[in-house]
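Listed after this line are the structures, all set down as structure tokens.
You will see two complexes here that share subunit A, one where it goes with subunit B and one where it goes with subunit C.
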Partner chain A sequence: MRNPLKSLSDNKRTLGWALSLPAVLAILGIVVIPVIQSLIQSFYQRDLSRPQLDAFIGLLNYQNLFADARYLHSMLATFRFSLISVIFELILGVSIALVLNKNFVGRGFVRGLMILPWAMPSIVNAAMWKWIYNADYGVLNALLTQVGILDQYKIWLSDPFWATALIILANVWKETPFTVLMVLAALQTVPDELYEAAKVDGSSAWQSFISITVPLILPVLMIVSMLQFIWGFQTYELITIITGGGPFSTTEMVTLRVYATTFRSLRFGYGSAMAYLTSLFILVPVVIYIRSAYKKVVEY
Partner chain B sequence: MSIRKLIPRILLYLVVLLIVIWTVAPYAWLVISSLSHKIDLVTVPLKWSPLRLTFDNYRSLFFANGETSVNVGLFFTALKNSAIISLSTMLICMPLGVMAAYAATRLKFKGSNGIILTSMITQLIPPIILVIPLYVIMRKFVLIDKQIGLILVDITIGLPLVIWMMRGYLASIPADLEDAARIDGCTYMGALVRVILPLAGPGLVSVMIFAFIASWNEYLYAYVFTNVQAKTLPVLIGEFSTKLGLEYLKIAAAGVLASLPPVLLALGFQKFIIRGLTSGAVK
Partner chain C sequence: MKPSRLFSVLSVILALAFVLSACSTPAAPTVQPTTAPVEPTAPPAAAGETITVIFPKHEADIKGAFESRIKEFEKESGITVNLIQSDWDSVANRVVPELATNGSAYDVVEFDNGWVAEWCGAGWATPLNDFMAAGYTDGMIPGLVDLFSCPDGKLYGVVWNNDTRFFHYNAAKLTEAGFTEPPKTWEEFTSQSLAAKEKGAVKYGFAPFWNQEWSLGNEFHFWTYAFGGELVDDKACIVMNKDANTLKAVQYMMDSLTNGVADPAGLTYNQAAAQDIFLKGDTLFLPQAIAGLMAYTKDATVSKVDGQIKIGLVPSADNGKSAALTLPEAYAIPVGSKHKEAAWKFIQYMTSKETNKLLAQEIGILPIWVDLFSDPDLTAVYPFWKDFQAQLASARGLSKLTWYSDLVDISTAELHKALSGQQTAQEALDAMAKQLSAYNCVP
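Moving on to the complex of A and B:
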């Protein structure tokens, strides 16, 4: 005695689609269609301030981007910011993780602390560091003068080198804990016997780090650095708050450029093209990330 | 303990101390600033222990407090908006995401891998690409500066996150349990509700927290899609720190308040959060 309605609703395919449908529709409506729309828009001239000039212009927006010195400069600044951030996050993250993997009193507590920077809203992170870097009352100046490194207070953010270095510092502070936690998790999967065997063979601590630890955590390091490089390209609030792109546009990242082009100059077509062209640069890390993370899914 | 063993031990604790200071000090300074009198913090050289604590900076966010404070209503509205928007986003994303994740991991129908892959790719789409077309759409449907508009937009962040993370939790529940329920006459839906969901409890909690934090902390969309009515706390703090040039301590107080919900949730549920972070590789 089978209820036909029940057997239909208990069919994997029917039920599968029924359960997924709301999510699929939502993603289709607010992600997929908009993304396609903006791709199409990038082939148009579409200036809200001059609607009479709206026209299909093919690849002209993209062509113009390659001659747009300010955009190209912002690409370079973003690339530099993301790459240097990732390098520091890796070195610092792995070092901290190795320390936190040792046995000491209060280890759980210190590990828990790592989520503090991660959980903070990035806008608060930005405001916090801006206050620390403040030229007149900032704690950075106070600290460095009182220790004797600095003779007098320095206007950090008006110096192109220091402005870049300090936004990287603020970014590294917030993002490193993610590396730490990922590496710590990876370290738990390294069997102790391997280290013991290496010790018996006379390896030094550094040798076992290079020959045992690094190969085993390499996949995780790969995923983490790809993700953080991608996130670096998406950084917006940190820069708009701390430097506003200055001094002399040295810290003007692509996100700020896209925002200004689209929402200040109201050039929606050109802005879309800029967002797309920029995203091409992170395509390689995106593909690497998806392939490695997706392989993990398929292995289940 | 011999000296040879003691020295590395002491060194280890020193390094740990440095790590703790590096992690906590910037935030601690924000908290101390928010509790200080302005006069104590603007002296040169800076005194490191402004121990005359005060709640004035906090009070001025909520009450006019004698001085002319235009921020009173603003802060409260933003707080309310942030709470409504992030809770709603979470409450919408959870059922949609859990159902889709269950379908994709357990029912394994044609197209289930596509759902997982889409949720993964969606998380990597730079918001700066999405913000432009979404603005055009929101303007068309008069959703700019409305809470519901921002909730819809935040779903683009929350939903893929929930699907992707729930997939991990559901995959870790042994299939045998579900098979046993099926043999006992459960439908797939019955097995989901009676067997899978109760077992996925800790996973559900951590996914909820992730979805809430993601929406609570979100800045770019809120900045572009709201002006006055639906402004969230991150947007207000951004405005404070560009407009209230000299009111650092008020910004510090607002920043501490805005960071409390995500920070306390994350610290309170740190086991779940760390597991979620490391297994799902999400931000």
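Moving on to the complex of A and C:
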């Protein structure tokens, strides 16, 4: 009698499928099925506290979203938050990674320290910044007053500009280490010979950075910026704890709207439509970006 | 497929998976209204059963009194309790989605007074009448029993936290400002605040907790009640934008931020932050403090006002009536629980008169049993409870509406806009009424 396990391992194609099956099932269960269910749900009026009103309403939820000023404003606020965060995370991340790629005493320790903000739980990070920004007892006010920049304490989080800027600062502080780690790993793969040859040819440090480093770490930068942009759209705890969406909804991100609509107001149909429309909004710039960036990588 | 196209397709799938896995909502279960037949009573609880219990940490429970009682329950019943406690928002964020998806992760859950109408409509909780003996609630404060009963007449929650708010003031600072009595009207509240501020006794009259968050909905109710206003009438019709007293309430809130009575930083504060300022002695009043605040005043690590705090009545509006907010929280058993009998045993133990008295003795929680308010053991420890009595008679709950969450979502946004000086009080109330018009006269 043939051993079924042996026949399975002999057929590489079957073995490949068999080994992938658990992961495929897990992805189906936790990603694909909820995604499909949400899509179906988005075509229904489904208010859990008013089940008698449940009905198929086609695209009405989507149509209503385009007239929902608060949702549209939250989209804009989230886009601004994510884009500015990504720009700062990339600039800071690459700069810090370049420094950490050099040999210096205590490099290992600094590299370890660098990961701390990223490893910190989001809620702890948010609570910490909330206290730093506290108008009456916060460190930020105390510091700026002591160095003479402020005459009196400022209520940072009641000002829409500063509230937005400060949640971006808190986000950049937490997320930059991820960029540093990724860029640092990419930098290790750049052969030193390239820099040496460029130096012999009279290239300056800046020219070497632009002509050698950037092209070689570009694929990593692309992935990192795309991930950070998407993660920016997923930010929830940070905003909820620091501003709650205030002042007067100016820092209200789309995740807060989705959450309030779905899990507080229990309007699952409308909430699902909100999640889908948000995804479409993200996909457009992401696809354009990926396509143009990919072309550049191929050219190099 | 070209590599570039493959790359794009993979990127799209990746992005979709990331975004939707965060934003997607689980499938809604087919819910049954509460009038639908309820499944038969679960079999008796066996020793060795494990139940998962989730409710917020009580504000006054500095020394873990609830945890100690739960350990006693475990010893006596043989039932193991997997306890999950955190702040109210975190608990709400876990409980509501779990119940909305008919989950069985929890056996006893937090049941907030603001959720009653929604839960009654959705049929998420198990009627406790199936478990309790006849006359079980006799002796409980009737209002608390009524509040957690659904239109079918059955009880769905037993209160574990009789969270009524009381007007606290710093008597020492008030004397320093030249006053012997706390304010009886809101005009006096303003004048005493400004006088105390001018004399340097305090920084502000009070620090509000008006950050744009869920609790601003509570504050909206309190200030409306305090000025004799209404948000909806008894038929759930929206009256907030037509009620002159509600307008006065919002106008007073707005004015207090600009005339120096309220700390303008209160626009960014939650309740804990506002309480912290009061305990530091920087404000004169805390109009709606938790009943257990006195326990905090004695804790030198957080308070500089031990012995200075007294309790008064919330100042009255033109109608001469005082009003306070009551925000009781109950234990409920989700319909999805697989350990209902054990869950009921837990509720029964934790809300019994004996446990209620012990918790009151240890951390000063307000009892749910009427006769405990005159229990000599308790009144000896809490002589200020006699000051609570007058206010308890005028305490009111939140609006009991199936669309309460929408009311909070919309009113907090519009109210915050008004408090920030971006619109007038009338504009804010009109905007609320307009956005909530779909629910007008819907209970």
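To be clear about the criterion, the second predicted complex is superposed on the first by the 252 of 300 C-alpha atoms of A that agree within 3 Å, B and C clash if a C-alpha of one lies under 4 Å from a C-alpha of the other, contacts with A are read in each partner's own complex, and residues count from 1 in each chain.
Throughout what follows, a residue touches a chain if its C-beta (ideal position, glycine included) is under 8 Å from a C-beta of that chain, and two chains touch if they have at least 3 such contacts.
All values derive from a computational prediction rather than experimental measurement.
Once chain A of one complex is fitted onto chain A of the other, the partner contacts of A:P247 are limited to subunit C, with no touch recorded for subunit B. Touch criterion met: A:R291 reaches subunit C, while subunit B stays clear of it. The partner that reaches more residues of subunit A, of the two candidates subunit B and subunit C, is B. Of the two partner chains placed by the overlay, only subunit C lies in contact with A:A260; subunit B stays clear of it. In the superposed model, A:Y71 lies in contact with neither subunit B nor subunit C.
By the document's definition of touching, of the two partners only subunit B reaches A:I115; subunit C does not. Contact with neither subunit B nor subunit C is seen for A:F81 once the two complexes are overlaid on the shared chain.
In the superposed pair of complexes, A:P51 makes contact with subunit C only, with no contact to subunit B. Of the two partner chains placed by the overlay, subunit B and subunit C both lie in contact with A:Q37. Across the two superposed structures, the residue set of subunit A contacted by subunit B and also by subunit C is 30-31, 34-35, 37-38, 41, 134, 136, 227, 230-231, 233-234, 240, 244, 255, 258-259, 262-263, 268, 271-272, 275-276, 278-279, 282, 286, 290, 294, 298.
Of all residues in subunit B, those touching subunit A in their complex are 12-13, 15-16, 19-20, 22-24, 26-27, 29-30, 33, 41-42, 44-46, 96-97, 99-100, 102-105, 107-113, 115-122, 124-137, 152-153, 155-156, 159-160, 163, 167, 171, 187-189, 213, 216-217, 219-220, 223-224, 233-235, 237-238, 240-242, 248, 251-252, 255-256, 258-259, 262-263, 265-267, 270, 273-274, 277-279, 281, 283.
Against subunit C, in their complex, subunit A makes its touches with residues 30-31, 34-35, 37-38, 41, 46, 48-52, 70, 134-136, 155-158, 226-227, 230-231, 233-234, 240, 243-249, 252, 255, 258-266, 268, 271-272, 274-276, 278-279, 282-283, 286-287, 290-291, 294-295, 298. Of all the residues in subunit C, the ones that touch subunit A in their complex are 4, 7-8, 11-12, 15-28, 30-31, 33, 89, 93, 96-97, 100, 117-119, 121-122, 203, 207, 211-214, 263-265, 267-268, 273, 277, 282, 402-403, 405-406, 408-409, 413, 416-417, 420, 422.
Interface of subunit A with subunit B (complex): residues 6, 9-10, 12-13, 15-17, 19-20, 22-24, 26-27, 30-32, 34-35, 37-38, 41, 96, 99-100, 102, 104, 106, 110-124, 126-132, 134, 136-137, 139, 142, 145-146, 153, 173, 177-178, 181-182, 184-185, 223-224, 227, 230-231, 233-234, 236-237, 240-241, 244, 254-255, 258-259, 262-263, 268, 271-272, 275-276, 278-279, 282, 286, 289-290, 293-294, 297-298, 300.
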